[in-house]
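Okay, so chain A shows up in both of these, paired with chain B first and chain C after.
Take a look at the complex of A and B:
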């Protein structure tokens, strides 16, 4: 048995983050909150997401449950709701049902063993930049106009996001100097390139985030961490670098 | 539920497959990825079912410490799907546990792409795979049962040319026997020697089938004969060289999964008076002609039970002495080949006929039969008429003039 009340806005943010990688996910419901880890089918990116029980209007989970949820179906339901409406979620051991005002919807569950749950690798990254999400967003959206790949570059006193179009004369570059960051840990020069569509989908899904932490290595995955839902949840995003063509 | 033994005893190392030559070549190819991008970015493993192709790919990824990313027939493998996942993923390192960073992209059962343009189909799959092989920065393995089918068509040929090719032959029954014995020992079960030999022989070189039979043996008594699906060339071989009785060949034709209409074209193409024995040859052709009568009647009456007689007659062709001493390659039906080559011109001709038919108020079939030649001559010789008709019928005049009527 499991009963949760959640407002549509929180549910939307949760499903938007997951859907950047997969349409179905295994979600662990524990007494202290919900946890999920997903990896995209091309094994390029991973997301680990936790939402504390404080983010819910009501949260009663007696025993730990792992449920395979169809995120697409949740999004269909969200289309019918206003942002402040409360969704009453129940799991009776067989199916999951949502109540929204006087509307009742129930969905079958997906067998969680058919969904891959990745092991989040432990990666040591030398550099870390904490800054406002809007800077990152601008840099990425500028790059999206001309390329499919964006490069992150960390130097002793600045963090640079740049992209190159089809010709050398077509470039975008966004520089975030050390002074404009909240935290700036530098250990060595680093430069890695990443797929723009993964980055932009993910950044766009973070509706309630102000500050974002970016850890970068040299030709190594990037880790982006953010706190969501006013500190009641956190998300960590790992993205593999593009292989430099030799 | 008990774990299927085929999974439980799936070999994890390449040397457990007992295919030294093939696995050596696989390792050489895999190691070439350590020094940049090799010339052939793909590896094609082909062979009958149950010969260890998928296991070999899995074992290779384990030995190289690569991530393993498989797409098989249960995934949609249309152009969009391949570009979205396999191709996109091929430019990036793996995120999973970040072992050597590389991932082995495995496209299983590539010879059974369902390339019809319907929802859930694999439209454009082959050309997308070919494109993947040109651009990938990660190693790609293709797995197929039938090399010939995969190689059919221009895209297929290009695809195969971009790969190192390794053949997986059927296991010999002695090899299967030793694996079966091994499993019996591990599972601590007893199975009589005769039974094991029977299972091994019945499997026809298919390790998976043999292990499944062994596991199923506890459930019902006796290994049953498996239906073996042959390819069309094998059947043709048996038929021409009289390797099997007609009754068995007939069963194989039925199991083949090709229409008798197609099979008769293969048969007609490959029946040949190797011995210059005219009487036998004529008798064989008469047999085929009678089979064709039945097939024609199926077409007219839509009575598919007549296929049975056609199949009987085609299988009966085996009784004639057609065998030669020389080895001759079996040919693909020239009718299908030519139809393929002429497809473009047939389309142009059809369009020409229907457009000019509309102009003179006649049917397309009538124009095709009766008037096309004359209009063509007019177009060829009289420039004024040509310009006039081109505009009125909206013809693509260059296409039409390429017809040579």
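Take a look at the complex of A and C:
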């Protein structure tokens, strides 16, 4: 037995983050909050997401449950609700049901054993930059206009986001000097490139985030960590790089 | 018009426009106009009678008030093949265009919303399409035009004009499609999917176009070109959701076919869903002429579907038949289609050509050792290195996986 109440806005952010990689996910409900880890079908990116029980209007989970949720169906439900409406979610051992005002919707669950939960790898990254998410957003959106790949470059005193179009004269470059960061850990020069469609979808899903932490290595995966829902949740995103080897 | 004008327009512009968008800034497409002149077809009659396959034409010009009406060839008998592109593989371009150009169009201007409650004329057109066999029809023109109808998406049509009257004999209806016509509580997309199991795609397209499917209040007349793309998209989405969670193909599957100046090299490679079409229009083909060649492509994957492909409706036509093929296998994969168009393709015949020729190609499967082999086959035979255009190639070759970093 499980019963939680959550406002539509929080539910939307939760489902938007997961849907950047997969339409279905195994979600663990524990007495202190909910946890999920997902990996995209191409095994290129991974998301780990936690939401503390404080983010919920009501949270009663007696025993730990792992449920396979259809995120697409949750999103359909959200289309019917205003941002501040409360969604009353129940699991009775068989199906999951959502109550929204006087609307009741129940969905079958997906067998969680068919959904793989990835192990989050231990990846040591030499550099870390903590800054305002809007800078990253601008850099990525500028790059999207001309390219499919964006490059992150860390130097002793700056973090650079740049992209190159089809010709050498078509470029975008956003520089975040050390002085404009909250935290700047530099160990060695690093440069890695990433597929923009993964990055932009993820960054756009973070509606309640102000500050973001980006860890970069040299031709190595990037780790982006952010606090969501006013500190009541956190998300970590890992993305494998593009390597030029043609 | 001075036809030498064409030489000053970049070939890439014509390949992207395909006579459709008038990107060159002229009032009419010089390539199409030139074709009309050479075809020398005129409408010199006041009336036409013959067996309609059944066939209709819906124009897009003037939307939301469009030209709609029957197409009738001046011959009597079993003309069904005129509207069955799935039976045209093996015919020569001249045979197909001669057949299609003999379909004379008659039309009246009708608001698209009239499909909600069809008047007499529109009901007659619907009645014609419900027929299970070709229908004896006759049209009386009020103001004949001379133009043929050529577009990249639709099968070509013969000359046409506004009609004063349209009559046809009564004929027995096809009960499957009749049921969908009278069901005004089902969404158009659902009825398309239900019909697809038992009905020719080309019949479904026409019904959608004539505003014969969907909930009563939502029914609209849809220009033929848009109806073709809509039908392809609805069915592709249906198949795609059936393939949710499917395993990926195990090997690099290769298919090839050439017909009427169109050559297809197709690869289905292991991996999550992605779909890419690269079109190379070569010297002598209709849209490039003698100006050299031009290559263009579109790519989509499971994260985001393409809505407005640069290459036009052929993207959706190719996607549908390949997804259909994968549905039978119960597998998914990374798909690349490279299409070469050469000088033999002198007139755009419509996207059915893409659909049916790929369907033919898919009948013969060869396993390749890796994706490099695919690109080298294409390069050896067509002297084009498709790797420089292919996003799929970059995804497979340049995109690393997390597992490589110790997952």
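To be clear about the criterion, the second predicted complex is superposed on the first by the 245 of 246 C-alpha atoms of A that agree within 3 Å, B and C clash if a C-alpha of one lies under 4 Å from a C-alpha of the other, contacts with A are read in each partner's own complex, and residues count from 1 in each chain.
Assume a contact is a pair of C-beta atoms (placed from the backbone, for glycine too) under 8 Å apart; a residue touches a chain by one contact, two chains touch by 3 or more.
These numbers come from a predicted model, not from an experiment.
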Chain C versus chain B on the shared chain A, clash or fit after superposition: clash
First (chain B), second (chain C), both or neither touched by A:33: neither
Which partner reaches more residues of chain A (counting touched residues only), chain B or chain C: C
Which superposed partner A:240 touches (first chain B, second chain C, both, neither): both
Partner chain(s) touched by A:23 [first = chain B, second = chain C, both, neither]: second
Touched partner set for A:114, first chain B, second chain C, both or neither: second
Contacts of A:195 with chain B and chain C, given as first, second, both or neither: both
A:68 touches, of chain B and chain C: first, second, both or neither? neither
Partner chain(s) touched by A:46 [first = chain B, second = chain C, both, neither]: both
Doubly contacted residues of chain A, that is, touched by chain B and again by chain C: 39-46, 118-119, 121, 123, 195, 221, 238, 240-243, 245-246
List of chain B residues in touch with chain A within their complex: 36-37, 67, 69, 84-86, 88-98, 101, 103, 137-138
Chain A residues within the chain B interface of the complex: 39-46, 118-119, 121, 123, 194-195, 221, 238-243, 245-246
Contact footprint of chain A on chain C as seen in their complex: 244-245, 271-273, 301-304, 387, 391, 394-395, 397-407
Residue numbers on chain A that touch chain C, as the complex places them: 20, 23-24, 39-46, 114, 118-119, 121-123, 148, 195, 197-198, 201, 220-221, 238, 240-246
